[in-house]
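Each of the next two complexes has chain A plus one more chain, namely chain B in the first and chain C in the second.
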Partner chain A sequence: MVHFVIQEMKPRGPWLTPFNIISIPVILTGLVILYFRFVYGLGSVTNLSQDTAWGLWLGFDVVTGVALAGGAYVITFVVYVMKVEKYHSIVRVTVLNGLLAYSFYAGALLLDIGRPWHAFNPYIGNSFGFSSVLFLICWHFLLYMVAEFIEFSPVVAEWLHWEKARRILKRLTLTTVILGITLSLLHQSGLGALFLMAKPKIHPLWWSEFLPILFFVSSIYAGLAMIIFEGTVSHKVFRDLIDPKSHHSFDDIIFGLAKGAAIGMFVYYFLKALLFIHDKQWTLISDGWGYWYLLEVIGFVLVPGFMFAFGFRNRSLKTIKVAAVMALLGVVLNRLNVSIISFNWYSQAHYYPSWQEIVVTLTVIFTEIWVFRWVVTRMPVFTSDHRAR
Partner chain B sequence: MDRRGFIKTTLVAGTAALAGNQLCAQDTRQPEEFVGILVDTTRCIGCRACEIACGEVHDLMVPDVLNDGALEKHRDTSDKQWMVVNKFETEKGEVFVKKQCMHCYQAACATACPTEAMNQTMKGPVIWDGDKCIGCRFCMVSCPFGVPKFEYNEWNPKIQKCTMCFERLEVGQKPACVAACPTDTLMFGTRVQNLEIARHRIYSHPDQYVHQIYGEHEAGGTGYIYLSAVPFEQIGFRTDLGNTPYPEYTKEFLYGVPMVLFGVPALLLGLNALVGGSEEGSEGSFDFEAKGDGGER
Partner chain C sequence: MDSFTYVNIFETKGLEYVLLLCFWALFVYLVRYLSSPAKKRKDLNR
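Up next, the complex of A and B:
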C-alpha cells in the first residue's frame, strides 16, 4: 500500500510543457513573496491600506473564487436530488473542482488574515462570534470542505482499491450532498452579506440590501459557466484520459448547462433591473460609475445570457463557449466591483493590487491546477474504475 | 403584535436558542449606565493635550505638538495614534475637532468580529482582545466611521483603536484625554447625562450651536457625542450614515440562517423522495453511469 502511494506520488508525463514553464517560476516567486509577507507583515508586499482593508487576495481569491466554485452544489443537486442521470458523468470532476477550489481559494484566507495562527479561534472555545457573518462563513467553509471530501472520497477509495470503504462512503453521498447544498446556499449568500455593513463605503449602484440574494443567484450561473469552461479545457488537455463515449455526451451536457445558465442569468438580470428601478437610481448612471455598471450588467450579464439561449436553440457550441467566458468575466467583474473597485469610491486614493499580490494570486491558482492534474491523472475522475485499469 | 412582528419574534427566539442567546446580549445592557464622552467643539482650543495624554497612557506615539505642524493637514487616526485633533476653517472661524472611535451603542465592528475579539463591554466602550483576533479586518470593512486600524508592517499585527481607556474606567479614573483637557471640551459621564448637558447647552445658547447633537442618533447612537457651532459636514463628519444601527443590516440575513439550515435539507429530502423512481444504487452512488451497471459494480 505504502509502496503504491509512493509510486503514485512520482511525477508522470513530460516536464517541459508550456504550463509547467510558466507556472513553476510563478509558484517559486509566490513562495518568496509569502516569506516576506509572514516575516515583515502584509504591508511589505500588498497595497492594502487603512482605508482598503480587503484587496485582491480577499476580493478575488476568496469572494470570486468561491462564486466560481458554485458548480459543485448545482450539479450534485441536479444529479442526486433531482436524479437527472444525464449529468452523472461530470459529477466526479465537478466535485473535485469544488473541493480543490474551496481548499485553495477559501484557504487563501489564511494568507490574508493577519494572525493565521489564531485561525482556529472561530471553531474552538469561548470566542464564538454568533452575530458575525464571517463566523458563519468560516464554519461553512470548513464543513463544506468536509462534505465535498466525503462526496469525493469514493474515488479515493477506488484509487486505493479499498472496496469495502468505497461501499460505505458511497452511502454517505446523499446526506453530504444535501448538507453541501444547504451550506453552499448559506455561504454563497453570506459572501454578499459580508458587505452589508459597508453600506456607506460601497457605491450605491453595487450596494443593496439584497446582496446576499444577488450573490447566491449569480453563483448558480457562475458555477455552470465554470463547468462549461473547465470541461472544455479538460476535454482538450486530458483527451486521452476521457472515455470516447463521454466526449460525445459532453456536448449534450454543455447544451443542458447552457440552458440552465441562460435561465439563471435572466433571473439575475431581472433582479438587478428590479432593484435599479425600485431604488430610483436613474441619476446614478450618467457618470463613469454608471457606464461601468451598465457594462457589467448589460455587457456581461444580459448579452451572455442571450448568447447562452441562442447557442442552446441553434446547437452552437462555439456561441456557448464564448458566452461562458463572458459570464465568468461578468461574475469576476461583479465581485471585484463590490469588494474592491467601488469600495471607497469617493476616495482620492484608489487601491490597485501590487505585483506581489497578483503573483501570489496566480500561485494559488497554479498550485490548484497542479493538484487537479495530479489527481485526474491518477484517480478515476474522468472515467469509471473498470475502464481505467 | 402583527404578523411580521410575530414571525420576527419567532425567528429571534429560534436563532437565540441556537446561537446560545448571544444575539440577545445587547438587550440586557442598561442604557442609563452606558458611558460616553461629550465633545463640545466650540470650547476646543486645539492644544492637543489629549493627544499627548493618549499616547503616553497607551504607550503609543506621543506627538511633539509644538513643532510637528500637524494641524496644517487633516489627519486620520492610525495604528500609532488612537486619536487626533484636526483644524477646520469654517464660516465661524477655526474649529478644532477631536477624532477617535465613536463607541457605537450597537457597534458594527463587534458584530462583524467572528471571534468576539472586538468586544462591546457592558458599560459601552468597545475594546479589542489580541488573543482572540484572527486579523481578518472585517471590523475595518464594517465600521461606518472607518476607525479600527491595522498594523500592516508587523508580523504579528494588532488592531489599534481607542478603548475609551477601559482599564482606567475599571479603577474609577476618567479617560486620559478627558483628564488632560484644560477647557472642559471633553466631559465624561453616562450617555444619558451627557445628552442632557448637550441639550441644555443648545437650549440656553441657541445662537451658539447648531441644533443637532452628532452621535445622538447617528449609526444608532454613539458613546461619543458632539456639539458644534457649524453644520457637522463642515468639520469633517459624515452626515450620510443614517440612524440605523449597523448590526441591523446583517440581522435579517442571520435570522434567515436557521430557517435555511433546517428548512432546505427537509425540502431537498422531500424533493428527492418525490422524484423517486430510481433504483437503490443511484441514490447514493458516485459512479459514472448510475443506470444499469452503475449501482452495484
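Up next, the complex of A and C:
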C-alpha cells in the first residue's frame, strides 16, 4: 500500500506546459510573500488598514470563492434527493471541486486573520462567540468540508482498492448530502449576513437587509455557471480520462444546467429589482456608483440570464458558455462590490490590493488547480461507476 | 373646489405590487419557454 501511494505521488506527464510555466513562479513567489506575512504581519505585504480591515484575500478568496463552489450542493441535491440521474456523471468532479474550493478558499481565511491561531477558538471553546455570524460560518465551513470529504471518500477508497470501505462510505452518502445541503443553505446566506452590521459603510445600492437571501440565490446560479465553465475546460484538458459517452452526454448536461441557471438568474434579478424599488433608490443611480450598479445588475445578471434561456432554447453551446463566463464575472463583481469596492465608498482613501495580495490570491487558485489535476489524473473522478474502470 | 389627489406609486407600495405581478407573469412565460420543445441544435462543433 505504501509503495502504491509513493508511486502515485510521482509526477506524471510533461513538465513544460504553459500552465506549469506560469503557475510555478507565481506559487513560489506567493510562498515567499506568505513567509513575510506570517513573520512580519499583515501590514508588511497588504494595503489593509484600521479603516479597511478586509481586503482581497477575504473579499475574493473567501466570499467569492465559496459562492462559486455552490455547484456541489446544487448538484448533489438534484442527483441524490431529486433522483435526477442525468447529472450523476458529474457528481464526483463537482464534489471534488467543492471540497477543494472550500479547503483552499475557506482556508485562505487564515491568511487574512491577524492572529490566525485564534481562528480555532470557536471550535475549542476558548470564547465560542455564539452571538457572532462568524461563529456560524466557522462551524459550517468545518462541518461542510467534512461532509464533502465523506461524499468524496468512496472515490479515495476505490483508488486505494479498499472495496469494503468503499461500500460502507457509499452508504453514508445520502446522509452527508442532506447535511451538506443544510449547511450550505445557511453559510452561503451567512456570508451575506456578515455584512448586515456594516450598513453605514456599504453603499446603499449594495447593502440590503436581504443580503443573506441575495447571497444564497446567487450562489445557486454561480455554482451552475461554474460547473459549465469548469466542465468545459476539464473536457478539453482531460479529454483522455473521459470516456466518449460522457463527452456526448455532457452537452445535454450543459443544456440542463443552463436552464437551471436561467431560472435562478431570473429570480435573482427580480429580487434585486424589488429591493431597489422597496428602498426607493431612484436618486442613487444617476452618478458613477449608480452606473456601476446597473452594469452589474443588467450587464452581468439580466443579459447572461437571457443568454442562458436563449442558448437552451436554441441548443447553442457557445451562447451558454459565454453566458456562464458572464454570470461568473457578475458574481465576482457583486461579491467584490459588497466586500471591497463599495465598502467605505464615502472615504477619500480607497483600498487597492497590493501586488503581493494579488500574487497570493493567484497562488491559492493555482495550488488548488494543481491539487485538482493531481487527483483527477489518479483517482476515478470522471467515471460514475467504479466497475467501469 | 376640491382638488384631486393622485396616488403616487413611487411613494406607496404600488410599484412593488406591479413588479410582483410582472414577475409571476414573466416567470410562467419563462418556464413555458424553457419547457417547450427545443429548436434544432445550432452548434455541436466538438
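Following the convention adopted for this analysis, the second predicted complex is superposed on the first by the 382 of 389 C-alpha atoms of A that agree within 3 Å, B and C clash if a C-alpha of one lies under 4 Å from a C-alpha of the other, contacts with A are read in each partner's own complex, and residues count from 1 in each chain.
Criterion: a contact is a pair of C-beta atoms (placed from the backbone, for glycine too) under 8 Å apart; a residue touches a chain by one contact, two chains touch by 3 or more.
Note that the structure is predicted; figures quoted are calculated from it, not measured.
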### Message
Just to be sure I read the superposition right, which of the two partners does A:Lys318 touch: chain B = first, chain C = second, or both, or neither?
### Response
second
### Query
Touch check for A:Phe229: first (chain B), second (chain C), both, or neither?
neither
### Query
Which of the two, chain B or chain C, is in touch with more residues of chain A?
B
### Message
On the A-aligned overlay, A:Ile263 touches which partner chain: chain B = first, chain C = second, or both, or neither?
### Response
second
### Sites on chain B touched by chain A in the complex
19-20, 22-23, 76, 78-79, 108, 110-117, 131-138, 140-142, 144, 146, 149-157, 238, 240-242, 246-247, 249-250, 253-254, 257, 260-261, 264-265, 268-269, 271-272, 275, 277-278, 282-291, 294, 297
### chain A to chain B touching residues, read off their complex
38-44, 46, 48-51, 53-54, 77, 80-83, 85, 88-89, 91-92, 109, 112-116, 118-119, 121-122, 127-136, 138, 151-152, 154-155, 169-174, 178-179, 181-182, 185-186, 189-190, 193-201, 209, 212, 383-386
### Contacting residues of chain A [partner chain C, same complex]
247, 251, 255, 259, 262-263, 266-267, 270, 273-274, 277-278, 280, 282, 309, 312-318
### Task
Enumerate the contact residues on chain C facing chain A in the complex.
10, 15-16, 19-20, 23, 26-27, 30-31, 33-34, 36, 38-46
